[in-house]
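All chains are identified by letter, namely A, B, C and D, in their written order; residue positions are counted from 1 within each chain.
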């Protein structure tokens, strides 16, 4: 019997409200102090097609999406067929007793007359909530936790609807009391309500951006970045943030650059396809030394690829996008805390060094949600860099004499501050030049910032002991699966550590040498085909990455897969 | 006294016809059997601003642009001021005796009343040709060679204009006969006329493409790629090639892809900025397995940068452009022969492997011209890959069973050939899928081609002895300067070899191991800031590139600079 | 309305029940049938969006391209083989938002392609943001306080920009739409058909119930499709009465005709084995 | 015409002698002077082309952006600080070729920016290829056999798409052009001024000699700029007679006004030190 740990999944047709139900359940768990990680799968279509939402709940972090299901709520037959092979042998499948022609051989089948109960409670539409009541009873969870979340979710729908739904929960719960399952493999023994947030990576990014002083957000919808837009748009009046759905991604990035030139913190977000369209303007931010923050939420490519799935295939692209050479920083958060924190870091670094900063996420991080206790300790003081309030006479925007390569910014309409932000190579005022020596000086000035940046970017974080049997290295959203796998392996007596890269570019070799040198067996783990991060390690560390654990089927890593790979040897 | 070797330069204001005059002179030299390399510098503006054109002529290749000038034709004072420091101590500066306030201390000043002679010959406009006559006399070149080129250049302008210009040449020549210069440092002793072509890199690319069966060319003007468009446009009727100046680069690449889908060889060309806009569609060619040839002619970035100058700053960008992962080939010709040849290779590889191929040039290669004896031996048989004439029933465009990963193409309107070229991940018919296993199979199928490609791409070429004191490695247009520098160093007793990379991606380590292993002192030479090619070597060869010779002022390498660097030690 | 499953693939449409895309799907199949076209006689380019998903349900030569870029791809296909029947479709975001530039430039060219805009006045596939044809005030995920720009007018823009066949259809009138597609495909030149397409999920205000009482057919009026000025005037009408049918139709040299190099035979039939460049390189002789 | 060198930078214009860009340069300086603007009161965005080189010759807050993209940059600037006087300029290739989509979408927004199109009907800086306003048949480096598409009509497109001040100026009439710029800048909303700009080097057929006898001023006619239909009709006139002046002018809420969040004070003056997100994260509480 597992206490306070289980993997719950609900599946059905798109449009059946699966995401809403899943989140209600996840919040109920979090309210009881459980740590949750919620992962959804859905196809790139609006209705029909199989959707599912899974909640992994545990006493402690790290928590992540796992393959083996303890409780499956199947709203249709397809769900059972698709996920039967994921069931734990002790698991329970909750489904509607009216499902026909079910010839499935599985011990833990637990039919419930869900539709019937729903109709009794006030309408078919409450069916999902019946399943929540059933789940609570099976897990022996306090019903109050579910009721609270349901109440929050339906409070704006009117008294009647709310009542209906609460009734459905209760009826589901009571049904189990009267018809207890043959066995239970997991139980929740928490009773107290605690303060916990549940949010997606994109929500964390949006929140962090607001906190960082975002004043203009420009974007063109693209999965899995769109929810940042959806989150920010209703807040534009409250926070005085201009939120614009522009005509395309080209316009989005340029609008953000224009706004930044005029002095405010701005951002644009997109996925790989939209980022392709932003490539040209990225270099313009580079040469004009305009701060810029871009969030790029990856999905599997190439091209349109698999719009609603996950991959880490754009790493090299964001590092090298746009013609010519300029400094940019890539930050790769691995969970929501890092997302919230690193977007703030992005704004600071962008302004401090007057460069573009790209926060690289993926569908797994952007759209999965996670529990978190508090955000406050992740906040950062603002570093706004060299901004002039009063501009001296003979002001030079691209002053070559600055030692750190960072010259002072002036903003319209400050008297004396006139200058040209020029996409052409330019002199200290920004006016065009094609002269050989000045060109070299300007390039050198811009590049000089690199030295300072290298000591200012987030360092990789080591999880586990320096001396371990096995060493994993990766970036971004592989973090949770890896950390969870490490726990499993520890139980088996295999010690594994993990170096979590938060800034793959500019790559700072010094931060990796020790780890790499002391690794007995080094495995680079990435959600892509080529092993792009491994390539970066090879390029910069003068090593050969002999083992790469790669995955490119659109799904995130599940801890089991990592465990299996590590166990079976390189 | 140098026999059959000199560096001649003409300079003046934009709009003074410097390019035309320079090319006439270059062709005269080539007609006499000299090998020439002609390099022009001009600013990004239409009139005014300093332009110059230099002709390096020699008995034998390698020939390239060199810094030290033997003969300078200065059409204005600025030219003398700007280029005085480049003059060989033995050199001659030819300029108009009417230039005022010339307080220059240089032995080889050779004033000629050019404007006066021009007016006498029929018009000020013939002034440049006066300078050609003067040059010929100083070099002791047969006047006929000049006359022939002038005649070719002006034959369409009418008898009168032609006569005027020929007269100007003659008068210039005669002037020197009557006023011989104090000394001559170079002399041409060739008298016979030989068959030689003089063409730019872009002309070679365009010619090679025509030869390869180009049927559609789509482009948006962008220096230094535009001259491909200008060369092809007048030929569209003669060769039945649709040549389209599209509304932007996005449209250019997509038009080319559409045309390729329908079965013809198509191409688009641009520079880095336009290539940025093509990034998204590149991946579409990747996932739909549509052959595509793109010529990317680099100029210094970032962004608009220095539009009329040279750099090799887009290497990493073209390798990684577009979201997600797919195969592409990058080919990097170093001279016009390679440009002509490799564009043909591009079309073959694109069709054979159904992938995008990018021919990467730069301003130095694209716009400089060179002499060449013959193109025929560079021609290639056409490999058109798996194209179905008759399509069997139940045709699968993305047949997974093909062992080499290359499935058969069918073209509209072949009966049975219907399929979907889909930017979404797809099944064997091209219809969308989001299924995990099929996704993996499709990625694997597409990637399987990589093995075959790796043995099919052009291998790097070794110049010099395997065992040498010093080993240079580079790609693209550094070739000529490097080879020339090697000759100089040889004279000093320093043995240097050079490995010339023609295909930096996909990088085939096996082709480099031996060279790298046997190098005593390895220097990577590149026209950029970061040492992008060095990074590729590090990533793939498990070595540290300790020495990089980099240049990023918009100018190409001059052999002297390489010699100096090599000589002074690492 | 009849159905012609011969044009179906093995996949069943994934659109929401009641989606206006079904009507377009049926209308296309009816039009193909009426024109007597085999599957392989049709080449069709799609964009990305709910509209683009159509690519999976029509058994023709298809190209499911990227968001906003159907027209350049279709242009490339048509130039490579100008004997093909080429159609292109876009969503309103796809074709009139991100792809607006290509639309107008293609109108200028009058290339013989039939272009169908699935105009549901919303971004469907990305789950309901505003589109360039959403009305002012439209509240959506990206514009919770309402759209503040004016909508684009695809009919007016097409006429002004040089398209030679400009029509509006309606998913709720499948036979009428099929007939417009037939006429558009028969027309020599760029034919634009903007289709009123209800999105039942994200734009319920432009439902069948909204359109049904409002649409009226231009062929039932005195409007002469050659009348440029009246066509533009009609293009501005979108209130209680919404005209469907042919707004404007004229004859002008097509792009392929103007590309003299194309002549009779398609480029795709050219033999490229032995191309001689002797003549031109002679110009490069020293 | 007077000159106001206070607006000059240290660089001398690099345009060809006689280029129409000089007229625009002078007209801008005259307009700035007439409006009593200091250098720092002006923020101006430029594209890439001969027109864009103007960025180096005007001492103002400038942004020399990338080819075709002036309007989004200008929009970002205006939104960040809507008290600024923002101008944008483009070439015809820049603004009506590659950047056409942004143009129409910006017209829809009616943002208070003054937009000047240096319309020389050719690509100048890239040495003479066709542009979207080149006439049919125009022979250029990219179209040696003549242009085969119809030109775009920026005036008509602007009116149709929602710009609220649409005018045409002429480089050869500097005072008149300056007055249009003054009126455009005073106008609240998106003001578009298409300028007939001779390119003496690559498009000699549209020279001063061509324009001088043809241009006439709309203010000398009975045309009422509020008359939408007549404005469109006049926009089609480009033959022996070429109207310059204000084609269309109306009042409509500007984009900044409609962005309620902007209110009075510019965003750029907001203090961002202490932003509380307590309220919103409460929605994310379990």
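Operating definition for what follows: a contact is a pair of C-beta atoms (placed from the backbone, for glycine too) under 8 Å apart; a residue touches a chain by one contact, two chains touch by 3 or more.
Note that the coordinates shown come from a computational prediction; the quantities given were computed from them, not determined experimentally.
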Of A-D and B-D, whichever chain pair has more C-beta contact pairs | A-D
Chain whose mean Cα position lies farthest from chain C = B
Where chain A and chain D are represented by their mean Cα positions, the distance between them in whole Å = 41
Per the C-alpha centroid definition, the whole-Å distance linking chain B and chain D comes out as 37
Chain C and chain D have mean C-alpha positions lying a whole-number Å distance apart equal to 31
Express in whole angstrom the distance between the two chain centres, defined as the mean CA positions of chain A and chain B.
-> 44
Sites on chain D at which at least two other chains make contact | 48, 53, 64, 66, 97-98, 100-101, 105, 132, 145, 259-260
For chain B, jot down the residues that touch at least 2 other chains.
-> 43-44, 236-237, 247-248, 273, 280, 284, 288, 303-304, 423-424, 432
Contact set on chain A toward chain C in their complex = 15, 43-49, 220-223, 226, 229-230, 233-234, 236-237, 243, 245, 247-249, 273, 303-304
Note which residues of chain C are touching chain D in the complex, please.
-> 97-101, 104-105, 108-110, 132, 145, 148-153, 156-157, 160-162, 229, 232-233, 253, 255, 258-260
Mind pulling up the chain A residues that touch chain D in the complex?
-> 26-31, 149, 195-199, 203, 207, 210-213, 215-216, 218, 235-242, 244, 246-248, 250-252, 254-266, 280-281, 284, 288, 371, 375, 382, 411-424, 429-432
For the chain A and chain B complex, residues of the former touching the latter = 43-44, 271-273, 275-277, 279-280, 283-284, 286-288, 298, 300-309, 311, 313-314, 316-317, 319-326, 422-425, 432, 434, 436-437, 439-440, 443, 447, 528-530, 535-536, 538-540, 542-544, 552-555
Per the touch rule, the chain C residues reaching chain B in their complex are 9-11, 38-41, 43, 45, 48, 53, 55-56, 59-66, 69, 72-81, 83-84, 101-102, 105, 259-263, 267-268, 270, 272-273, 275, 277, 279-281, 284-286
